[in-house]
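Both complexes shown next keep chain A, but they swap its partner, so chain B is in the first and chain C is in the second.
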Partner chain A sequence: MARFLMRSVISTLVTMLIVSALVFTLLEVSGRDVTVQILGVFATPEQKESLRKQLGLDQPGFVRYIDWLVGNDWRLRDELGNVQTVFNEISQEPEWYVLLDDGRFVRHEVCSRVEDIDSGFCQPGEMLYLVRNEDASFFRENAGDVWTTDPETGESVFWGVDIGNRAAKWVEGGGDTAFVSTQTGVQELTGAAVQWIPLRKGLLRGDAGVSLKTTRPVSKTLPIRIRNSAILAGLAFIVVMPLALFLGILTGINEGSFFDRFTSVTSLALTATPEFVTGVLLILVVGIYWSNNWLPGLVEAGFLPDWALESFKVPTTTLADSPNAIFEKPKELILPVLTLTAVELGYIVRMTRASMVEVMAAPYIRTAIIKGMPFRRVVFRHAVRNALLAPITIIMLHINYLVGGLVVVEVIFGFQGLGKFIFDHSIFGDPNAVEAAAMVTVLIAIVTRLLGDLAYTFLNPRIRYA
Partner chain B sequence: MTTTVQPESAASRQPSRLAKIWNNVSIIFDSPVAMVGLAIVLFWFGMAILSLFWTPHDPNEQYFRDQRRSAYIMTYLPWIDLEDYDEVTRPKPEFLLGTDKTGRDLLSRVMAGGQVVLLKTRIPLPTDDVRRQDEISALSRLLDRFVPEEWDEVVVPGGVAIWGVIGSLVVGTTFGLLAGYKGGWTEQIVMQIMDALVAFPRIVLYIVVIASLGQGDLVIIIAITVTGAPGIARLSRSLALDIKTRDYIRAAETRGEGLLYIMFREILPNARGPLLVDAMLRVGYAIFTIGTLGFLGLGLQPPEPDWGSMVNDGRELIFSQPNIVIWPAIAISTLVIGLNLFADGVREELSRYQK
Partner chain C sequence: MTKEEKQMKEQMYEVHPQIPNAFSAFKEGRISRREFIRFATLLGMSAALATACSTPEVVEEAAETVQEVAEEAEEMVEEVVEDAEEMVEEAMGGPARGGTLTIGAQLQLIDHPARLSWIEGANVVRQVAEYLTFTDPDNITTPFLLESWEANEDVSEWTLNIRQGIMFNNGDEMTADDVMFNFSQWLDPEVGSSMLGLLSYLDGMNSVEKTGDYQIKLTLTSPNIGVPEHLFHYPAAIMHRSFEGDFIQQPIGTGPFTLEEFSDGERAVLKRREGYWQMGEDGESLPYLDEVIYVSIDRDASVAGMQSGQVDSLYAPRPADFLALKDNPDMVVNSASTAQTLILRVRVDQGAPWDDARVRNALRKIQNREKILALAWFSEGDLGTDAHVAPVHPAYDPREPDAYDPEGARALLEEWAADTGNSLPIQATIVTKNDAGEQEYAEALKEDSADTGFEFDLDITEASGYWERWDQVPLGITAWTHRPLDTMVLPLAYIGDSDGVPVPWNETRWVDEEFSAILKDAEATLDVSARREKIGQLMDIFSSRGPIGVAFFKKVWGLHTSRVHNMPAHPTSYDLLNETWVDPA
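== the complex of A and B ==
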């Protein structure tokens, strides 16, 4: 058993490594320009080039992959000194600082603010320390002569940490013009650094990086989405499992009856209907009920997704985009859960039925019936236990498939879950977010497969893992 | 099949090759389930083929787009108010199922929707037309080097779903047979890669592939190939593990046949039954997937109709004009149900045949 688990863990890690490399390569060869997504289509080539450099995208792909995996602070320690993260209590996000020998945490900035120059605090182009206070605020201090001479070019350069958590390389007296995207638009900044490398700890050390789309750490936004999806999938699971197993057992016992035929055809139809068709048709049915006022109490705004409300000429709710919307309006969950139920139900009913039919034809069931055991007892004591072996394994494997269905269902209903997260960020071309989400889905897939294997072992004493 | 009946084989009372194939195929007539499935599938094939030559209207013509430009409206429907979507999309004698919101005939589009899925694959080539640059994938740029200058699109017979499944069969059997036959480290490595692909949820892989390689028929074929191959590899590996213990494989090895010969001439023909049934099911999945991708706005190239995109386009008008959504939705579901019934029936018949 221990060996089996050991092998599983190693295989899981290898799989995750392969998948992460695959996703990275795919996003890399895409040629999809993420700077256009951030700056908009009207950005000039200079602005896009500047942003590329600020995001560190001018580095080769494999270097960025290694950075993503194991971080780059250790690699940049020669240039930067003792660089560390300090947790900011106000924004609840970690920030990068250089720890000086005197115990102060500092970041760097080139003197360029008009008020500093006018007051004689510093000369333009001089290096400033942004010294961190205990309460995460900072004050400016003249850094003095920190420049070192680059042996290759002869320029006097300085590597520091800028306010955007990046390692930045400044050149004394020179400096490029950078374009910084702010709330009010793109600003031109003179005296900026010539090279940037976003600092990160790497996934293996628990840092999933910052999303380019939301500019927030992935580790802040992703867990909420996972929770939402888990609630959605969990509710669907609670509805589907008893119903599907009950129907499957019932049809399996009454093989060939009208009820069996009807249920089998219905489950085939449900399985073969794509999620988006089921979802859209459900919306249609509910909408018709609503427009005729047949379900006045149940149906109200928030129940249907925004795009459907628009066609209804009903004012839309603005709640849908908030990640916590499901707690404020639990009714939003009803249709997505129903859609997932419809899609999963047919599959599990079919599996359970097939397994039940097979078991009911086994000699030991015939023996039990012939010796006069009550039929109910035969079914529940002897048949069901054996018949549920196969479905449980298959259902565990099916959770992997369910994640795919979640993407579609969440996109239809505008549900802020893991699926929509993956969809939105893949379309945006956001490597950190997609990588982190892919790791989560791979982990779900592997863990459920292992659980299926283990459940099978416990339920079936004939199988033992070496 | 181009096989001709040989006179001497008839003389020696051996069943001809054609008759043998017919014998194999005719088992589907024993299964009512398979026949129902086949009927549904053939119906949609027929519709798609018919739409190549005739549709009630041009599927891509926007009949209600602009009153000044469309002679059709001036002649037949002069009273219509083009601002009123309900009025425009409602079924009329000329448009039996109504039109979509840009005024394209729904019946023609539903009929022609099967073309890209079942009958043809379009590969656009780079042209000077700026509007189309986004649709051009890296792959069609490569293809552009090998075809005449003036072509701007290559159309290959066989739909996207069909080619996707063929692709995953080729990739899947190659790796699966290799792993099953060679065993050892080869098997470990191949199956580890395939496991990684399986663990990667399908739809995520599709989105990442399409988001990175761009939209287009060819990209979707690749996406279906990549996601379908692991399943087929697993199946063909298990078949190869069984078949490689047979005497005829030993005989071929003793003769000194090469690896590829044994994989594809000795093992593959003996594994074709389960592989074909699996492939039939996979065509259903592929159609399912193409529809889903179309719905997510990542599907085949517009403007030619594609059922999934039609559902997506029409969903905003779902309450005023449900026809736009319902008909393509029915088309996808019935076709997939048909393929499933057919594959189920054939599998059942085959297993009965083997007993």
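== the complex of A and C ==
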């Protein structure tokens, strides 16, 4: 067993590596231009090129992939010096600084602000330190002559860390004119850096990177989505699975009865109806007709007490109007869970039923019945355990869908889940966010498969892993 | 309406068609007397007359000029004011304080307000930070954080007087330094604000001068009458002078709310602040609301949420949302006229048939305007007169839209065919997109062109399919957005550059010397009634030989639940919540 688990862990890591490379490649070849997403469709080619450079997208894909995986501060140490992250207590985000020998943390900027030049604080094009104070603010200080000569081009260059957490390469003299990304037209900026590489620690060192869409670290926005999705999936799972298995077994042993026919046809209909149809129908019938028309009518007619008017009302949307709204207003989850129940129930009932019917026709069941064993015992001891193998596979596969694949349901109900997160960021072309979310879904897929494998050994002792 | 009132309104209408509306608003108590006078004078009514119309005591000088009207007005206004006061008291006993307003809107990234490129984000910012000027739902611009503005004779120098005593939510008073700082941000290429393009008549900060603690002077490199409107462009929210570039970290503004929480793609929570400078009807500081929450959900989810009472309003309802909610007794529908429109346009540089004004006039005649408006925008709009100037524009010169006239069109086309030796019918393809009523417009044209000498095919694609070729197709329908001032869109699309080459967005390639000359003149005329004369000439040129047909201008909707009051619809979908209140729970 230990070897089995060991092997599982290793295969998990390998799978994640392959998936991450695959996702990265797919985003790369999809031809989605993230600069258009950021700057808008009316941006000029110069603006887009400039932003592309500032995002470090001019580096080859595999370099960016390696940066994403293991970071790039270690390979930029030669140019930058002792570069480190410092946690900013105010924004609750890590920031990159260079640690000088005298123990001060600094970033860099070229003297270009009008007030600095007017006051004689610095000459245009001189390099400035932005020295970090304890409270995460900074003051400017002239850095002096920090330039080094590039042996290849003979230019006087300097590598530093700019205020956007990027390694930036400046060329002395400010002779270089860069096009800065703006939405108004091409803007020229002298003294701009000529090359940028966004600094990062890499996923293996716990840094999932910064989302291009939100410009905030992925690690700040993703966990809350995972939590929301896990709660919704968990609730749906708790409602659907016992019900589906119960109905499946019951119809399976009563094959051909009215109950069997009725349940089979209903579950077929539910399975055949897409979730957006079910969801919208439930909103209309339960959320609007029931809550706004029928319920007040029933209360008025005296069939229901007055307090039912508020407590039996079903909300139509899941409003994330505070971070923990999902706990504060659990009633808002009724409709999403009902929708998922409708969609999932059919599959599992039908699968369980078919499997049950097959097992019940097996010779060993007949033998058990003939030898006089109580029917209940035949079903639960002998039939169910064998019949559950197939549904377990389906159930485990569906957990993954419940957590990450509910885009449509999430949009209909305004639910802040993982599916919509992945969808939005994929559409935007935001590799860091998509990669991190993909890693989570891969992990869930593998863990659920593992749980499925373990469940097989429990259900069927003949299956062993070594 | 009494006879005197009617007479007076007619007189006002002659000055500007919007004044009677403002007067009605004043009578109903929706705007103050002071505001009415400000509107009326901005629209060209003499100050004396406006005062006379709205004051019980007749001002002496006014009496001399408009003696009769003023005397009549005296009694009437008194009566009306009394009536209105009574009505308001009876109806609701004034606005209630407290409560939360929940609005559905998609929230994306906000960093520097000057860099905003989406209205939903600006709607969050505008509750915290405010603008120097204010363009109201009727499209009239007034000073806001400014006390007043003055322009010199040729509109090349603007003096902005800043209102005194306005406090930022960090306790500092707003002064000329803050405004100077904001100009420096807008004009800094590194910030990347779309204000930079708008303020192209400023030569960086060289053109902006602080002339007092509460005064700033702009020296324009070329005259422009749009300065007040530009200062209400949504990225122009005034930030505190210490602002460093991230609104989420430093939400310091003069507005009625403070930003409590912002979470991209999830929510924005705004809380009432104390000491806001505008006063409510009860004599206390605005706002009436305690809290405003923007939740980032899809419009469909917002519509569902409004029906279950979880959401109060949504950002920029689509026609489908309007149709879904308009008959619901628990919903309030407001609408605002805009200059948003669909332009039926031809290219005049590709020879026959569109190079001939008779053919273009025939095309204009086959527009069944009422029908097109009904099909394309559910009759929610104002009819157009084939000029790209909307009734909401301050200098709009009112005139009757031409009626549907297939015989007239036929006659024109026959004359053209006989003259030029071409044969009828003219075969043409109307190219357009299908997302904002264009398809219905095109179909109506096709239907109503039977037996007129036109024979249309339709080539209708989704939006991006049209935007790829919008300025290339010979005959098409293009959607144009709202711009508050009459002279703003015309130089973008209907003139040539100094060499006479059509400017980049001139999709028709139509360049007319007389038109360009009058337009140039109008662009330098600040006085609204003087400008109206010129705009009128432009409108005549449009309808007699212009390159476009304009059947209607769209209205936009504001939808909210009936517990919400005083939440007007705005032509650019801005949320104006200063005076909004909700029924106590």
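The working rule: the second predicted complex is superposed on the first by the 361 of 466 C-alpha atoms of A that agree within 3 Å, B and C clash if a C-alpha of one lies under 4 Å from a C-alpha of the other, contacts with A are read in each partner's own complex, and residues count from 1 in each chain.
The criterion applied here is as follows: a residue touches a chain if its C-beta (ideal position, glycine included) is under 8 Å from a C-beta of that chain, and two chains touch if they have at least 3 such contacts.
Source: prediction; values computed, not measured.
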Q: Please work out whether A:Val407 is in contact with chain B alone, chain C alone, both, or neither, and reply first, second, both or neither.
A: first
Q) Is A:Val442 touching the first partner chain B, the second partner chain C, both, or neither of them? A) first
Q.
Contact-wise, after the overlay, does A:Val434 reach chain B, chain C, both or neither (first, second, both, neither)?
A. first
Q | Residue contacts with chain A in the superposition, chain B compared against chain C | A | B
Q: Look at A:Gln416 in the shared chain and tell me whether it touches chain B only, chain C only, both, or neither; answer first, second, both or neither.
A: second
Q. Which partner does A:Ser11 contact after superposing on A: first (chain B), second (chain C), both, neither?
A. first
Q: Based on the superposed arrangement, let me know which partner A:Gly287 touches: chain B (first), chain C (second), both, or neither?
A: both
(Q) Is A:Lys213 touching anything from chain B or chain C once the two structures are fitted on A? First, second, both or neither. (A) second
Q. Once the two structures are fitted together, what part of chain A is touched by chain B and by chain C alike?
A. 283, 287-288, 291, 411
Q.
Quick check on the complex: what are the chain A residues that touch chain B?
A. 11, 14-15, 18-19, 22-23, 26-27, 29-32, 268-269, 271-277, 280-281, 283-284, 287-288, 291, 307-308, 310-312, 400-401, 403-405, 407-408, 411, 419, 422-423, 426-427, 429, 434, 437-438, 441-442, 445-446, 449
Q. Touching chain A in the complex: which residues of chain B?
A. 138, 192-193, 195-196, 198-204, 207-209, 211-214, 284, 288, 291-292, 295-296, 308, 311-312, 315-320, 322, 325-326, 329, 332-333, 336-337, 340-341, 344
Q: Flag every residue of chain C that touches chain A in the complex, lowest number first.
A: 102, 104, 108-109, 111, 115, 117, 184, 189-197, 205, 249, 261, 263-267, 269, 293, 295-298, 300-302, 304-305, 307-308, 310-311, 467
Q) Once bound in the complex, which stretches of chain A touch chain C? A) 40-41, 90-91, 114, 180-185, 187-189, 213-216, 221, 224, 283, 287-288, 291-292, 313-317, 319-323, 332, 411-414, 416, 421, 424
